[in-house]
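Below, chain A partners chain B and then partners chain C, in two separate complexes.
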Partner chain A sequence: MTAAAPRPAQQTRRSLRTETLEARPVNLDGFVEEWPEKGLVAMESDFDPQPSVRVEDGVITELDGRSRADFDFMDSFIADHAIDVATTEASMALPSVQIARMLIDPGVSRAEVIAVTRGLTPAKVLDVVKLMNVVEIMQGMQKMRARRTPANQAHSTSARDNPLQVAVDAAEGALRGFAELETTLGVVRYAPLVAIALQVGGQVGRGGVLTQCALEEATELELGMRGITAYAETISIYGTESVFVDGDDTPWSKTFLASAYASRGIKMRFTSGTGSEVQMGNAEGRSMLYLEIRCILMAKGAGVQGLQNGSISCIGVPGAVPGGIRAVAAENLVASMMDLECASGNDQSFSHSAMRRTARMLPQLLPGTDFVCSGYSAVPNSDNMFAGSNFDTDDYDDWNTIQRDLQVDGGLRHVREPEILAVRAKAARVLQALFEYLELPRITDDEVEAATYANSSNDYPFRDVLADLTGAQQVMDRGVTGLDLVRGLEATGFHDVAENLLTVLRQRVSGDLLQTAAVLTADFTPLSAINDANDYAGPGTGYRLQGERWEELKKLRHVTSATDPETEVD
Partner chain B sequence: MSTPAPPTLTVADYPLSTNRPELLRTPTGKPVTALTMDAVVSGELTAEDLRIAPETLELQAQLADASGRPQLAANFRRAAEMTAIPDAEVLSMYNALRPRASTAAQLTAMADRLETTYAAPVSAALVREAAEVYGRRRLLADDEAESPAQAATSPDAVTPALAADQTAADATTPGSPS
Partner chain C sequence: MTTLDAPAERTLTLRETGPATRGTRPDEVVIAVSPAFGDPFTQTIVGVPHAEVLRQLMAGIEEQGVGVRVVRVWGTADLAAVSHIAARLSGSGVSVGLLSRGTAMIHQKDLPRLSNLELFPQSPLLDAPVFRAIGSNAAQYAKGQSPQPVPTRNDQMARPRWQAKAALLHLKEFECIRADAGPVELEVTISR
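== the complex of A and B ==
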């Protein structure tokens, strides 16, 4: 949202303070009044339905005031797949305030809350979270997030779709701590080369990092099937039937797609977010959060393990209305209380104000989520092909300092420059060797040198785009798979990287990464909501930033030595 | 899909790759321990060996059930059925389920094919349910206009790629520079 309104001509003298405030970046942001009739309202609307449910003969015959004959396809899908028919009447009979209190009461376990939430309708869930302020929402998130250990996800893209940049920035991002790396393209035909670069670069930075390439659904699945990517999340769902159809999908097509991914052993989550329906012009007069709750329940009904939400590419919409960022925090909480993995936004950029950008992420960073950002830009925002991110490489030191100040784990760490240069140089050499092995367009030594020290795509020599696109097509025509990449890495002498990639591919055979909120640790142990279940039960319990990890996060670029104030510690 | 009934697992068996590797086989019948670098280099392994077997998806479904996630378990059981369907046909079936891509008869034929050719009754039920809802919500292709439903039969009918994190929404995203 950009600031648009021309202001009235200046007739009278203005104060110098007003002029100073006018010049602040926050006033470049766009803000609008609520318009509930059109759904331009965060979460408090008289036009949202009242909670209700009726069960007859084991079938839900009324949902939030609508009878079965009048169900649209979202109602049908949610009634028949998401809501637990056996418990719904009992759960719905609980006062909303009691459920809201359960969410923040450390004496009530996560499992006890989920035993209730599995029977709730969308309007009832909204009624519950409407009672909660942001601190309570955070308190709920701390207990309800699926995985005990928080993590983070990065974007690694290039304004020139330069595969070399994607590889080295993926390597650096992985080394800094991202558990998942995501790329996408400016020129879609570049996808095979860039996806290969991301996969290989990631494994250089830290073995076990998972990668994905965001593309149209069918293409994304194809790259996954070939083993060139490890997971997928660009599977968009929407909260109204009309917008879902405009997106050329239905809950059934998306459910089929979810099973298709699982049938190939590929981790997958859906994507949704507040504001998408009103932005696409058909919110059917419902609040943004009500519609997002329908998406979350649809995702649960589909049996997908997780969801990327938190407005994502529509953040400008909730960001423009009162209470919008509270609603965004609430949608993350709802995903978690529905027992889904939550990759919690802090993704596309939404504000010119550094203060506002920081405030926007605190409700996810402070309690911790499965992925605090579902796309922290591990490249400068000028190279971010997801239309920018709320945080980018310029913010690395700030992020690390905030982790240290507040003693919270946002998934990253400070890494000394020599280590970073070493993995960047190695990732560049690995990709150079692999391209040669696969008979793809050459990566020169000059490019390797530039990549090692580069910041943005402007710092790299130009590539021959036509030759690259021909090479990309050959990757598809020749049916290159992840196994071919392993073979190439081994043949070119990068045995450790080959082993890392093979171990990631082997995970598909076990299916362990299909379980809720799964990531791979540095020793290739799958960590999910099953073996790393969130056990928060009040002060002193759950995930605590302490021990070795806390020592790691105490390190920053400049920390003065306690024993010798003239020096800095490494 | 021929092995005897698998053991009943508990959450303590997760992750299977470290706790129960002896239960894991490739669709080609190799134990997971056979997926070594030597086997890759010698050309013994093909991409088929790096796929998940339907029996493994059933094991993961048991783990999902044991951890209180029935919908996730159902997803894994549909997935187990779909392991038998070739990649191109999986994609074309997905495309055929898009709104107004298929007639009622075409969806019924697809459900029948899932049931008879691929022994996939759970997935077939999902398609039949879709046909019923699409009929009620006017999301079937017109019977006269047969062409959009080509997707149901042509494995090559993959829609053009479009890069976006949230495809349709991005098309109208207001500018938000940083």
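== the complex of A and C ==
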């Protein structure tokens, strides 16, 4: 059963159909049998605890069958910081089926649901979502998502860590509609240059785009504090004490890190996801979803505004067991029903099958989430330094067509090539000028030209990597900040980009981006659960793809004109 | 990525000869295998026979004129821990740690446990030539040289194909841990 033996060569004659099916991409994916005793099970396990709570003198003394004396540090943190002690006994007394029905009943408001969910224990939350099929999970997500307007997030990285590529692909991604852009590195020392490129390129594509650079935690925080990035996301949390300790962390240390960001007005969210604990061999016999629910409650207890979840880099684990993608949809819903922003995954290579890749994202795209992908690859997957995403630049037209077919808003739009070339060229020139201003290694006119028309990192002239790394170190040594970038942009004649970046940086003074699910519109209006609260209450309510935005999404690369069928709509 | 064709059948016999001891030769590399290596598991996640893995690693080391000892670590299946224990047993301070599924690491005794000289995290991408190169590099570190790191490979589709199986193999390996047993010296016999 667990033998790693290659399948024995078939001696008997095989059907031609079997041969055809064997050659289908889906059969390159890995699938495994469940092993609930070890936690290799999505969400239906006899080894998960039963829901229970006991409160004495305003303190939770029993949680899911465990008394306080036996709490591990996850139990303690959740009992003391995540669960509302005043309402927990009443919420826990409600039958799970009643709570599940509240989640999908348009007659029950989001606020009414949250008044109940804030008092639930992890096992009770699991008990509720186990009653829901994927359509009901989507119905729940449609109502429980924090922000009314859905959005999307992109990865902009380079296999060569070429800052110029990151800048122009950030610009194109922003123009296509991504509200947030994320980068990371192959060679970590390149980070300051690539983070600057992302920040500046993004503002060329569309003012108000937020950027982050996924790094080791101390450096990531420093770049944020300097204003070279605008938010942070890759602060990982885990569902068992043993896995937390393996990473030399605790819920309290992660919370301290979160408060460091908040102290500077910087948006941040945690990251977690099903499968990580069993992947690391320490699931303590609990199902993947039960452990993820503990993470979600831990994030809530820490006071962060949001969470990136949806299995993320462990997607191959839930993706390989029965019902695993249902569990992934459920974990997104649980983040939303805990009143957190949910950046809902779809950000890692998931399947060899295009059909499976699409099916995996429908539970997020159809109801809409705060960020449908928490990393759609805005570069070809060969350049994706997060090890590949579920969607990349090759899929842009498919994504736009699916939005148009189903009349759903996945955050992107088709943009005509001349506009794309214009922002790519401008982003390249802006970075060229800024590097010169900051006395960083030169970007040549040939590079600018290549960047304008490039697809992947292979289409760019090689850079002098050692000179770039020296320059990157100088950025850190000289204490370059976001304001220096603004000054450089202004001094080199790119007033509009300088203005855009300054306006993004000013948000950390107002603190508006600390609100749940905050993004900035193109005119720098913060949209969050405060001023753009999800008000879904059944058919005809909530966010509807209509009006100007719908007209925009009707456009594709090739649409035959109704007035002159010999031409295409421009 | 496809399953590698198994080369001609070789049998691997690992015989315990006693507790592992600290080496005194400054020109040796210690290879440490994890609890399930060779028994009950016989091949890596992509079907490279364990006999072939050890043969290539040992040949890579010996080609550099460096000695090699093989030990089994019973107390943990954590690659960093396996490798670091071996590094501390190694006369040169350099070790190669190996999990049953093929994941490998070159370690050095003076580095922190969670650091390493070279890490090969994507077990599905490790084949016989890579194992030989790992052995060769470990031996060069043992001689005080600074070899070019073995080129790391990356396959973004390794996740959908292998991640869950890797988790399963990891769980099975965990079951073979003997928490209170110390590392033991192994006598390696590879037939043919």
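The rule is simple: the second predicted complex is superposed on the first by the 565 of 570 C-alpha atoms of A that agree within 3 Å, B and C clash if a C-alpha of one lies under 4 Å from a C-alpha of the other, contacts with A are read in each partner's own complex, and residues count from 1 in each chain.
Throughout what follows, contacts are C-beta pairs under 8 Å (C-beta built on N, C-alpha and C of every residue); 3 or more make two chains touch, one makes a residue touch a chain.
Worth saying up front: this structure is predicted, and the values here are computed from it rather than measured.
Peer 1: What's your read, chain B or chain C touching more residues of chain A?
Peer 2: With both complexes superposed on chain A, more residues of chain A are touched by B.
Peer 1: Would you sort A:C314 into first (chain B), second (chain C), both or neither based on which partner it touches?
Peer 2: In the superposition, A:C314 contacts both chain B and chain C.
Peer 1: Just chain B (first), just chain C (second), both, or neither: which does A:G388 touch?
Peer 2: The answer is both, since A:G388 touches chain B and chain C.
Peer 1: Is A:R68 touching anything from chain B or chain C once the two structures are fitted on A? First, second, both or neither.
Peer 2: In the superposed model, A:R68 contacts neither chain B nor chain C.
Peer 1: Counting only touches as set out at the top, which of chain B and chain C does A:A191 meet: first, second, both, neither?
Peer 2: Touch partner of A:A191: chain B, not chain C.
Peer 1: Let me test your reading of the model: by the given contact rule, A:E222 touches which partner, first (chain B), second (chain C), both or neither?
Peer 2: Once the two structures are laid over each other on A, A:E222 reaches chain B alone.
Peer 1: For A:D347, using the defined touch cut-off, is the partner it touches chain B, chain C, both, or neither? Pick first, second, both or neither.
Peer 2: first
Peer 1: What is the contact status of A:T516 with respect to chain B (first) and chain C (second): first, second, both, or neither?
Peer 2: Once the two structures are laid over each other on A, A:T516 reaches chain B alone.
Peer 1: Quick one: is A:G30 in contact with chain B, with chain C, with both, or with neither? Answer first, second, both or neither.
Peer 2: It touches chain B and chain C both.
Peer 1: Per the contact definition in the header, classify A:L40: touching chain B only (first), chain C only (second), both, or neither.
Peer 2: second
Peer 1: Just to be sure I follow: which residues of chain A are touched by chain B in one complex and then by chain C in the other one?
Peer 2: Looking at chain A, the two contact sets intersect at 2, 30, 279-281, 313-316, 348-352, 381, 387-388.
Peer 1: Per the contact definition, I'd like the list of chain C residues that touch chain A in the complex.
Peer 2: 1, 3, 6, 41-45, 47, 77, 101, 154, 156-157, 159-172, 174
Peer 1: State the interface residues of chain A toward chain C in the complex, per the touch definition above.
Peer 2: Where chain A meets chain C, its residues are 2, 4-7, 28-32, 35, 38, 40, 275, 278-281, 313-317, 319-321, 348-352, 381-382, 384, 387-388.
Peer 1: Please output the residues of chain A touching chain B within their complex, sorted ascending.
Peer 2: 1-2, 30, 72-73, 76-77, 80-82, 111, 114, 184-186, 188, 191, 214-219, 221-222, 225-227, 234, 236, 238, 241, 243, 245-250, 252-253, 255-265, 271-273, 276, 279-281, 300-305, 312-316, 339, 347-352, 375, 381, 385-390, 392, 481-483, 486-487, 490-491, 495, 498-499, 502, 505-512, 514-516, 525-526, 528-531
Peer 1: Spell out the part of chain B that touches chain A in their complex, as residue ranges.
Peer 2: Contacts found on chain B: 11, 14-18, 21, 24, 26, 32, 35, 37, 40-41, 45-47, 49-53, 56-57, 59-60, 63-64, 67-69, 71-76, 78-83, 85, 87, 90-91, 93-95, 97-99, 123, 126-127, 129-130, 133-134, 137, 139, 158-170, 172-178.
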